[in-house]
Amino acid sequence: MFWKKFLHNPIGMIGVIVIAMNIFMAAFAPVLATHNPLAINVAQQSEEPSAQHWFGTDEFGRDIYSRVIYGSRISLYISLFSVLVATFLGVAIGATSGYYGGWMDNIIMRIMDAVMSFPAILLAIGILAVLGPNLSNVVLALGLVYTPRFARIVRGSVLSLKEKEFVEASKAIGNGDAFIIFRHILPNCTAPLIVQATASLAYAILAESMLSFLGLGAPPPAPSWGNILSDARNFMMDNAMMTVFPGLAITMAVLGFNLVGDALRDVLDPRLK
Amino acid sequence: MESLLSIENLEVSFHTSHGVAQAVCGVSYDIGRGEVLGVVGESGSGKSVTALSVLRLVPYPGRISAGRINYEGRDLLQIPEKQMRKVRGDRISMIFQEPMISLNPAFTIENQLTEALHNHRKMSQKEARERAIEMLALVDIPDPAKRIKDYPHHLSGGMRQRVMIAEALLLDPDVLLADEPTTALDVTVQAQVLDLMHRLNERIGTAIMLITHNLGVVAESARRVVVMYCGRVVEQGPVKEIFEQARHPYTQGLLKSIPKPGGRGKLYEMDGIVPSLFELPTGCPFNPRCPQRRPECGKSAPPWREVQPGHHALCWLYA
Amino acid sequence: MLKFVLKRIIYLIPTLVLVAALVFLLIHMIPGDPAAVILGPDATAEDVASVRQALGLDRPLYEQFVVWLGNLAHGDFGVSIHSKRPVIDSIGERFPVTLCLTTLALVFALVVALPSGVLAAVYHNTNKDYLFMIGTILGVSVPGFWLGLMALLVFSVQLGWFPSTGFVAMWEEFWEGLRYMILPAITLSLFMAAVVARMVRSSMLEVLRLEYVTHARAKGLSEWKVITKHALKNAFAPTLTTIGIQYGMLLGGAVVTETVFSLPGLGKYLVVSIYMRDYPVVQGCILFIALVYVFINTIVDLLYGYFDPRVQYS
Amino acid sequence: MSLKTILKVEDLTKYFVVNRSLFSAGEVVKAVDGVSFSLMQGETLSLVGESGCGKSTTGRLVLRLIDPTRGSVHYQGQDIARLPADKMRKLRSQMQIIFQDPWSSLNPRMTVKEIIGEGLRRQPGLSRAQRKKMVLDMMETVGLRPEHYDRHPHEFSGGQRQRLGVARALIMRPKLVVADEPLSALDVSVQAQVVNLLARLKRDLGLSYLFISHDLAIVEHISDRIAVMYLGKLMELASKRQLFAQPRHPYTQALFSAAPTTEVGREKKRIILTGDVPSPLNPPKGCRFHTRCPVAQEDCRQLEPEFKLLAPGHWVACHHPING
């Protein structure tokens, strides 16, 4: 039912193809890359695109094409794991908070509100400023920043689901809380969760590129897309092409998740179509 | 009785991703000046869509594909949109099932009532306000000068339906299309609203097309009844004849299946369920559920025959 | 109405305290001794000890928090380690730039988003609508700072239409200042414009199928009146919430945009202070921006009560 | 009909606190306020009333799906209102509920076999095959076909879904069934099917029903006794015959007279009440019905009438009962 609808959605299929290309790029980076992304070549600094260097080289003579290919690994790694962290924490917090309610719910949701009172990227910047920039800290920072969105969504669904009569029926049969949460409530939260997770993946890719552009992501010389753009900014006058390709790569990666997210929303929540 | 509004061979279809649903299929009936006409049917019978078609407000993806709606010598389906707007709310007005959601929550009662007046008549805000208050008083709203400043969410369901009625009757329309006006209301409030509609019908002379699934409401309110099933009018006649000598097997079954006062034991059960509009049976749409099915019922559409003066049925039994 | 406003403002207090607490805890998450981190590897033990005392780090955590909160209430955001100036003064100098940037971006975003979203809903399921959907999905996918870099390259460096270095404040010379702001504001606004436009479209679609819209049509109102009066006011309420949230995206995005365009705003100041490990400034900037965001969202909530009178009474 | 009492409800009360926030203690909704009645084995007792009268809440209190604020619910002599959770869970299979909304009462992600079989999960010593047989038998009992076994709820019509809900409740072999408006979401032509099903199952399985409804025609058809509720209180309770022949409470009388019937032309004396049902947030003082009562007098505004026996088996809460 769901798959049939989803597979018939052209937007979603384009998105799936774009994401698949991105994953392919990350998985087969060593095969696809023509050069070592970190290899410095003083003889070929800031070159225009050529047969040897498809996207040109940067100020250290590193091959930008290879760096962009390897960049997909960092971007995917960070977006995937930060969204996993956020989903896990968000579901745990949202489900307990919503199901049991009371003062604990009040306090937890107040804290979530407070976290959401920061612009997302700013809080991530703050956390990284303190913890120091490295890959796992970026995962942690983005994961924490996105947690309240998941918690809110899950809590909202739980609140409406626990009033549903099928939950009452299960209670009337004599089932306990844990069974009801795992059998009746969480499975029915998946639709909004999946939509939120897809959207968050797109956000996380953008956020990662912004953070590493600011020097708060993967530390140089790691070939993250933000790092390449950050280098490019300093040598923009010499080599304009350096800025073009990493940006396109980010756009494509984000676009893939956004397209799939849109398609999922149409399929899972026909109300918004 | 002089015919005021007549619907002829109306066809409305909904084009969705699941296919085409024939919501209204060759519906014809008319309503006389000052008459109360009951239109009954279950969900999916096309009774509401027919009413919306009269005002040309069938929602997307529905389309009126054929038919005429005659009113004052014109076919409402053919006149330009601009002229149609002059008919809506002025000559023909409509009220809806859910009084909770049919008033705009963002504007006061005054705003919504006077808006209707300004739209059709040139008058000052003061005049419009006075007229609105007068109308609210007529529908038994206590303290109308004060209530008019309220937002809809301040009012109870019954009150909102009264406001809706007041608004619909502001301009003395010829016809009021009332789509399940009491379904969302409690029994005692339903009685109030029906009583109000009767008094207004007698006093102002507005004809009322009362659309409902509740047979009791129709039996007590209407003079003439139209019974619809799967987008077709299956029977039409004076209320007494419909309820006491129903001719169409569907109407008969419907009436038998509701409990009678003092009755006990097994209720009459109609077979099966209302079919989906996407997969209507061929021939008579009722034939798979019909206890008096004949061979021709599954093959071709039944004829519309007068079974008694002023009483028609759409059935092979009377061919 | 007054009661509603007061209630919202009282509600603000616990949020503000929690926000402050989060910023406070954040800075205390610094691994190791903050004083040593601040001073770097070459510091002597006495230096560290004196900084510890100056920052009150030798006292219990809750006590530090209460003192710090008390200082905040008096507008004391601490003192910069680098410049030795009160943080709030530096913020005061730079925030107007950020405010100009984000406000301009907000205006651009709304000017584009509101009409296009409404039109897309009105032309639902036509080519215009599909074009709109493609445009907005690109809008939420293209990184704004990259677009900023490209715009800088094309319009400032290549075409020379806009200055590529230096800065003139808008409140000193409006038109000249505007030239420095246009590219940053537009590139910053695109994401928000796309998000808000999509929100306008979907809430319009939702409202347009409601019974009171049919009712408005049944009154004989023109389609223009139905859309601009009955649908828009209701559809605008959820949009308003989105605008509030997206203003946060603008504030966050401003940090990157200011870095790209070298604008002397709060965001750039924050980034530079992070590089210099000037933690009081980092703390102050983050807190200040968060407070601005909370303030904006409170205004949004109050406006919401106008567009949807029901919330005032619930 | 044996005269054994299966359920005895005394002074059952439920107050909800709404709009509570950090800065306000909230307001109290007196949803159910001191309701007492008993249900005999094999009997159908109907609870009728308009929206907000507390009839559904009463149904849920009886099953202890929510905890009462005050009062007792004796099920076969045992007060379940105060039973510890684990003991309550053991008792649950004996009392089941059928819901109003055939859409929200079935988990959309489960199949028919999972929905009906869910309750068997907690019964020890059942093999997979036994369980399947029990589910299939129950499906047959309620008129579902074996090929429905693996389908999802969205593949069914409203009437079939309601059968599913009935099967889920009855596979537990309950003695007491609360039916909460089980017909009001169904098309008229389908209602009769479900009414007959409920009546047949009651006879075959010896069930007792607490039947909650606002549809007086169906209530009259299905009940043995009827209780009329208004704003959280019982107004009148009597056998069906007594109540329809001679309602004593002005509210009952108005309610019955307001219900439209399909008898055309019979001039009937209709009592039109003024105003709407007041909010249970702020119920009127004295008799709760006095604001709309056509015969209300001074004492009705001041003093709350007691729920007392007027004739054998006929309880009324009114200072001035009709033709007494």
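Per-chain numbering from 1; labels A, B, C and D assigned in written order.
Assume a residue touches a chain if its C-beta (ideal position, glycine included) is under 8 Å from a C-beta of that chain, and two chains touch if they have at least 3 such contacts.
Just so we're clear, the structure is a prediction, and the values are computed from it rather than from any experiment.
Peer 1: Minimal path length between chain A and chain D through chains that touch?
Peer 2: Minimal hop count between chain A and chain D: 1.
Peer 1: In how few steps can one go from chain B to chain C if every step must land on a touching chain?
Peer 2: So the least number of steps between the two chains is 1.
Peer 1: Would you kindly say which chain has the C-alpha centre located farthest from the C-alpha centre of chain D?
Peer 2: The chain lying farthest from chain D is C.
Peer 1: How many angstrom lie between the CA centroids of chain A and chain B, rounded to a whole number?
Peer 2: Centres of chain A and chain B (C-alpha means) sit 52 Å apart.
Peer 1: Hey, how far is the Cα centre of chain A from the one of chain C, in Å?
Peer 2: The answer is 21 Å.
Peer 1: Could you please state the distance in Å, as a whole number, between where the Cα atoms of chain B are centred and where those of chain D are centred?
Peer 2: Computed from C-alpha means, the inter-chain centre distance equals 32 Å.
Peer 1: Would you pick out the residues of chain D that each touch at least 2 other chains?
Peer 2: Within chain D, residues 22 contact more than one other chain.
Peer 1: Using the touch definition from the top, which residues of chain A touch two or more other chains?
Peer 2: none
Peer 1: Mind listing the chain B positions that touch chain D in their complex?
Peer 2: 42-43, 156-159, 186-192, 194-195, 213-217, 219-220, 239-240, 243-244, 253-255, 257-264, 266-270, 273-274
Peer 1: Which of the residues in chain A end up touching chain C in this complex?
Peer 2: By the definition above, chain A touches chain C via 110-111, 113-115, 117-123, 125-127, 129-132, 202, 206, 209-210, 213-216, 229, 232-233, 236-237, 240, 243-244, 246-247, 250-251, 254-255, 258-259, 262, 271-273.
Peer 1: For chain C, which residues count as touching chain B in their complex?
Peer 2: That would be residues 124, 209-212, 214-222, 225, 229-230, 233-234, 237, 307-310, 313 of chain C.
Peer 1: Would you mind writing out the residues of chain D in touch with chain B in their complex?
Peer 2: Those in contact with chain B are residues 50-51, 157, 159-160, 187-193, 195-196, 199, 214, 216-218, 220-222, 244, 254-255, 257-265, 270, 272-274, 276-277, 292.
Peer 1: Tell me, which parts of chain A touch chain D in their complex?
Peer 2: Counting only chain A, the residues touching chain D are 106, 164-166, 168-176, 183-184, 187-188.
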